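I have placed the structure first, in the form of structure tokens, so that the comments after it can refer back to it.
For reference, chains read A, B, C and D in written order, and residue numbers begin at 1 within each chain.
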Amino acid sequence: MTYVADLLATVSRRSRELIGWPEADTRPRKAADLSLLADALLSRRGEASGVALARDILTGYEALDADGRTEVLLAIADRLGPDRKRLADAIEAYSADPTEARAAALHVAAEPRRQELVRRLNLAPRGTLSLVRLREDVLARLDDHPGLKVLDTDLVHLFSSWFNRGFLVVRRIDWSTPANILEKIIRYEAVHEIRDWDELRRRLEPEDRRCYAFFHPQLEDEPLIFVEVALTAEIPAAIGPLIAEGGTPMPADDARVAVFYSISNCQNGLAGISFGSFLIKQVVEELKRELPKLTTFVTLSPVPRFAAWLAKERATETGALTSEERGALAALDKPDWRESPARVEKLDRLLARLAARYFLTAKGTGNRPLDPVARFHLGNGARLERINAGADLSASGLAQSHGVMVNYLYDLGRIEENHEAYAERRQVVTSSAVKKLADAKA
Amino acid sequence: MTYVADLLATVSRRSRELIGWPEADTRPRKAADLSLLADALLSRRGEASGVALARDILTGYEALDADGRTEVLLAIADRLGPDRKRLADAIEAYSADPTEARAAALHVAAEPRRQELVRRLNLAPRGTLSLVRLREDVLARLDDHPGLKVLDTDLVHLFSSWFNRGFLVVRRIDWSTPANILEKIIRYEAVHEIRDWDELRRRLEPEDRRCYAFFHPQLEDEPLIFVEVALTAEIPAAIGPLIAEGGTPMPADDARVAVFYSISNCQNGLAGISFGSFLIKQVVEELKRELPKLTTFVTLSPVPRFAAWLAKERATETGALTSEERGALAALDKPDWRESPARVEKLDRLLARLAARYFLTAKGTGNRPLDPVARFHLGNGARLERINAGADLSASGLAQSHGVMVNYLYDLGRIEENHEAYAERRQVVTSSAVKKLADAKA
Amino acid sequence: MTYVADLLATVSRRSRELIGWPEADTRPRKAADLSLLADALLSRRGEASGVALARDILTGYEALDADGRTEVLLAIADRLGPDRKRLADAIEAYSADPTEARAAALHVAAEPRRQELVRRLNLAPRGTLSLVRLREDVLARLDDHPGLKVLDTDLVHLFSSWFNRGFLVVRRIDWSTPANILEKIIRYEAVHEIRDWDELRRRLEPEDRRCYAFFHPQLEDEPLIFVEVALTAEIPAAIGPLIAEGGTPMPADDARVAVFYSISNCQNGLAGISFGSFLIKQVVEELKRELPKLTTFVTLSPVPRFAAWLAKERATETGALTSEERGALAALDKPDWRESPARVEKLDRLLARLAARYFLTAKGTGNRPLDPVARFHLGNGARLERINAGADLSASGLAQSHGVMVNYLYDLGRIEENHEAYAERRQVVTSSAVKKLADAKA
Amino acid sequence: MTYVADLLATVSRRSRELIGWPEADTRPRKAADLSLLADALLSRRGEASGVALARDILTGYEALDADGRTEVLLAIADRLGPDRKRLADAIEAYSADPTEARAAALHVAAEPRRQELVRRLNLAPRGTLSLVRLREDVLARLDDHPGLKVLDTDLVHLFSSWFNRGFLVVRRIDWSTPANILEKIIRYEAVHEIRDWDELRRRLEPEDRRCYAFFHPQLEDEPLIFVEVALTAEIPAAIGPLIAEGGTPMPADDARVAVFYSISNCQNGLAGISFGSFLIKQVVEELKRELPKLTTFVTLSPVPRFAAWLAKERATETGALTSEERGALAALDKPDWRESPARVEKLDRLLARLAARYFLTAKGTGNRPLDPVARFHLGNGARLERINAGADLSASGLAQSHGVMVNYLYDLGRIEENHEAYAERRQVVTSSAVKKLADAKA
């Protein structure tokens, strides 16, 4: 460790000297300087100075403000495409005689220099993490700067190699996990907020709770994704009781159901990188080994796009709703609609039916379900098992889905079959109950 | 483990059914079948069946004889280049409007489907190791089948990502190392053979011996490269005493010199993949931490091409040798030339001088030294320190270098500087003694 | 784990049946029942039922209230001495013919059955921890129940074997330490309170802080003792700046001094069990290895008995104080004495001198220093280096020592010599400055 | 490590100076010197010099020849009993007023100083191992020197504390176990010799083989006991096939029976120290967890005392044999008795019957079975399941038991019950088949 640190300090000084910079200028301040450094990094053959330059570029980049970063990212995207002359030559050669060898040469010539730049930046200490953070910046700017799309493609291409499934490691998170990792669990929990160390402890320590996270060696202490699990006697129909304070934990050995009630992705910069769709099954398998009496593995999941879809359908007469349904839904617009038990009962029945319809018919790009959580679990081989109206009565639960939550079921014997049905044919696998609900008339 | 194994067994059966194969046919026997399987693998989206297919392909490949393997490799190289139609379209689009986005699209279109195939094969259990072994086959066939070059390029490209320096781990190898790794040290030792467990123990257990190996998580128990070290009082001038049986080990604390006397690459299939040129320095640093009294880190290295070079120079009057030198060297042709001490003394002096000339003037491709061991150590930042004639009197030592060995010196304070001098300018960094020797007249 | 738990559940049921207890009566309620169980435990030969009985006894004991525990402890102390008949026979046999063999037999006959009871209780799951807690109870009752002294002696005898130095393990405590251990650091900190996780983090995470704890395998996650360390440029003269919030940490590499500013024993039940006097030196050595530039290892320690000693001396005219000193000390009685800088300066000078006298002359049992912190560090081989008046201005600091703190110096080259001087001759090793101070006249 | 070594070197030098020995005299040569050193060790209070002295004594002892060692051991046994004066006073005080406190004081006074000496020797580096080896010496001399019995008693008393069951750790031994431990498995195998690394590998690597060893932290790499396991389809009736070379291993998952075919104690110096009788069950449990399809756990065990017992019974007309049986057994005296199949069949039937009788009726001290292997397994809670005549046809097998071997069955549901039946009532638990055999008439 010290050696590497010393080495880099020495080399960095030297490489700065080589490119004409005074020692004291430890932080390049202008985006333009970073572009020059990137050119220098691409042109060098020496590894030592390369590592030092990579470090300087990433450190310098992180010290820039938002505009400076935009400038650097655009410069990389625009200026570091393939060598145009070389590419033209390769096209000409290939067109003249389209052999496999010339096709391969064309592929090499067409490679954007951005990819080599990113590879070299990756050699800096903690370079991978810096690049994941850099991609967060790219994603946040894509709408305003579509020119960054090429850089995003490069990053996705390389990340897909580096975050190869074979490197991912599952580790149980519990109250004996190192504190520096636990504080990240607090920070990254995206579904049901963890407010402090005491609440964290309530999620980890009772014997009817489990938590697992996936790690990658190059990101060391940074979890990629984690799942929180509650052990119960029955498939739960509401989130409130699961995360309420107090209550006596159930003896783990008495549990029959494992509920995945919160799944959080931790690294926005890795959006779209598949960690392999079998990860959640590792947790199922882990639990089954520890507690052989568990028979049922389900989620209790939000339905994030349901309210938006419903609003859209209500606004059109030619959509998924009958006019009768549209009429009944008017009651939803009263802020206090859940205060009358009779109204709640009627509306919840209707919402469940419409949610079933939503899952089975609302499609996005590539004929995949509109609902992102459904895409995740169906892609993992789960089955949409049950729809629970009135399951999340928090403000955000009512806002995004009028309180509806669902259970996805992971049945080990069916998991690959379901996965293949979804992956190959985009089939939304559901229980017969959900199917019946979707077909039901009012 | 069991879960994954079970899963794969299930999935594999199912995927065979899907592609119309009876269960019992566990091993495809014909190369042509494997090509079909490869097509199937490339066309599927489901991950479960993909992993199963990958496994079947690799297992099937390993069961083939040499001709069958050649057939499969050629089929992959020839048939799985880029999609020609799509590539032609991308060229046309780019030529019409050469934006960065279209250049990027062209790069993607030009990617050989071989690369995607290799990526998917890599997901099979122990897939990486199978692919490293497969590349051994490719390398062995390159001369006879130059069409395999494109496949080799693909493998090198992907291996370079996967064997990213950040994943390499140094571990000390000693007598408390697991036996399954130790047996590989015995097997892979390439410089000075280890005959049995007793000899292995003599290289590992005495307190003046050390051994370090580099590992990669995806190859688990397979070392990539290892170095054997002897601790001594002085820079050694001959190999014999270092590996002789018997003798009392020196107390480690009395040593001043660490001698890297054997460095073996273990995986032929990774030839040309740079593991980063700073690896050997990790060992230096490790030793320095353990034994702060060590002052000098040198190799005792063979000179594998010297005799061949000398023979060539002797055959021409316009080469590197004076006619006087050519005359004196005639004595080398007598099989018993080392039996007369006077002759030995005179010839050894001459051989040392010519070896110095060889290192400084004999160049191969890219203006790099002809000597492969010199390329390795100079690239690592070492300095050619001393030339030792009469250092290796074994049959092979006499055959490859007339008994000459050399010491490369690793000076931590100079290592990056030397590395950069070699990497950027191909400078052969030597001690002044070697320089003087090279300049000396008879 | 599960197996052992299952096994114990089964066996416990069975052993309860054997001794005539209904299954449902899981908790013996009366102290008298526990005495019966103890007799049963001593009389059995079967290990399985013995372990179950041991568990029942310890669980039952922990469920008792304070009076019930007193009753059980007294019963063990009184009733489970040696077998009197057997002892009388052994005395007679020895008196008749005092051979070594008969002396040995006498020793065995004289062993209190309490020791065998404690050994068997130790086999219960977490038995050792339960026994350490039980000794806390014994210690708390010794004054009121001197008959418990014999039980305390037995526990000390056995603990000394079990907490054999060879089993102790030093581990660094930092922000990546498991949370369940960190919460014990918060709980056991006895010198300078840690209020919450944020304060804990300030003591562990900055690069100029270190913490080390000693563990024993049979107490798993229970630290026995821990030290908190601050890295500084100079030997500190006051505690305030060391534990203040905010401030920039010093680069670890710039530090020259390591200050042990808080040392907490965690297990009252192990009072008087020596963990070997070389433990703190392991930390010194650990730090020296990590940071070779450190030259000085000191404590900043409280002087817990100084104010009490001084009050006693002030109350007598024949004690350690001159009448002039007694006069000057009257100013201490004003609650606001530290508000006048002139008075503070004068009094601090006097207090430093008297503290030096206190360390060198105030003795307790066995001619050892009265000050318990001094006994600990001198016994460890430290030297009393410097006296700092006005070093701890907290309410407790003023109450126990009028604000005086001291530095003990750990000089690796002198540590054994100092230790031996103290262990063999009770010499209080001090710097010449402290000696001069002690000799100084007003 | 280095620190401790350095420290000891310094302290050792100093302690030698203190006791008037020149530095250069590193090895005391005479037993008498060691006795003086032992006195010095007992009289010191300083821990540093104590550790150094302990090391000198143990090193010096190991350098002595057999007679020198005898002399030292006898001196310790004779001279370091309790302080006779103090013991006499304690007896007098106790006799005058036999309180618990005085009984406790008498126990302390009666403690042989040998025990304190052994405790202090244990603090030397690797002291515990040295003391285990020293007890081997004591055991080897007990017959000739009964005066050593008191020292043996002291060692057993202290070892029983130190080798407390809670510290024992089970580890699987396989082909990835460190070589320095594997070589000890080769060395300590006591039942069926392992000739070289290749044979070792055959016992560890095939998937139908397992090996487990028990370790203790103070003996580091020294196994205490290990078991070799073969996985089979049926309970085996002969040892030959199990350890024969060649043969295809059975898939672990197809096995139904785990056979403990070799159990070796490694440390003679720990003879008689119980490691707790539930150790073998940990292995059963471990196997059950890994391979849930295993249903049967048996040994294939030798019957070491059977032939001797039979010879004795044949020699008397009033013993366990009928005259008819004695007549039939005459055939055993022919060296080639196993060459006639008819004779073998008849004799094997008789031998099985007599072996059953031997197990059920032949008793040693304390009404325990004469057979030591039976005592071990019955004490562990196993049941004598089956008797196999003609099971071990090796020379030693024929010599010790006329070829008879037996299976002990470990039935997890019965294990504690069996253990208690043996421990409390010395009951020999057998299958009904064995019982019937024992009752059978010819």
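A few notes on this one:
Operating definition for what follows: contacts are C-beta pairs under 8 Å (C-beta built on N, C-alpha and C of every residue); 3 or more make two chains touch, one makes a residue touch a chain.
Please read these numbers as outputs of a predicted model, since none were measured by experiment.
Shared contact partners of subunit B and subunit D are absent. The chain with its CA mean position farthest from that of subunit B is C. Centre-to-centre spacing of subunit B and subunit C amounts to 58 Å, using the average Cα coordinate of each chain. Note: centroid distance subunit A to subunit C, computed from Cα atoms, is 50 Å. For the pair subunit C and subunit D, the distance between mean C-alpha positions equals 38 Å. For subunit B, the set of residues that touch two or more other chains is empty. Contact between chains, per the stated criterion, is found for A-B, A-C, B-D, C-D. Those residues of subunit B whose C-beta lies close enough to touch subunit A in the complex are 3, 7, 10-11, 14, 44-49, 77-78, 81-82, 84, 87, 91, 94-95, 98, 100-101, 103-104, 106-108, 110-112, 119, 122-123, 127-128, 147, 149-150, 153-154, 158, 161-162, 164-167, 217-218, 276-278, 281-282, 285, 381, 416-417, 419-420, 423-424. If you check the complex, the residues on subunit A that touch subunit C are 175-182, 197, 201, 221.
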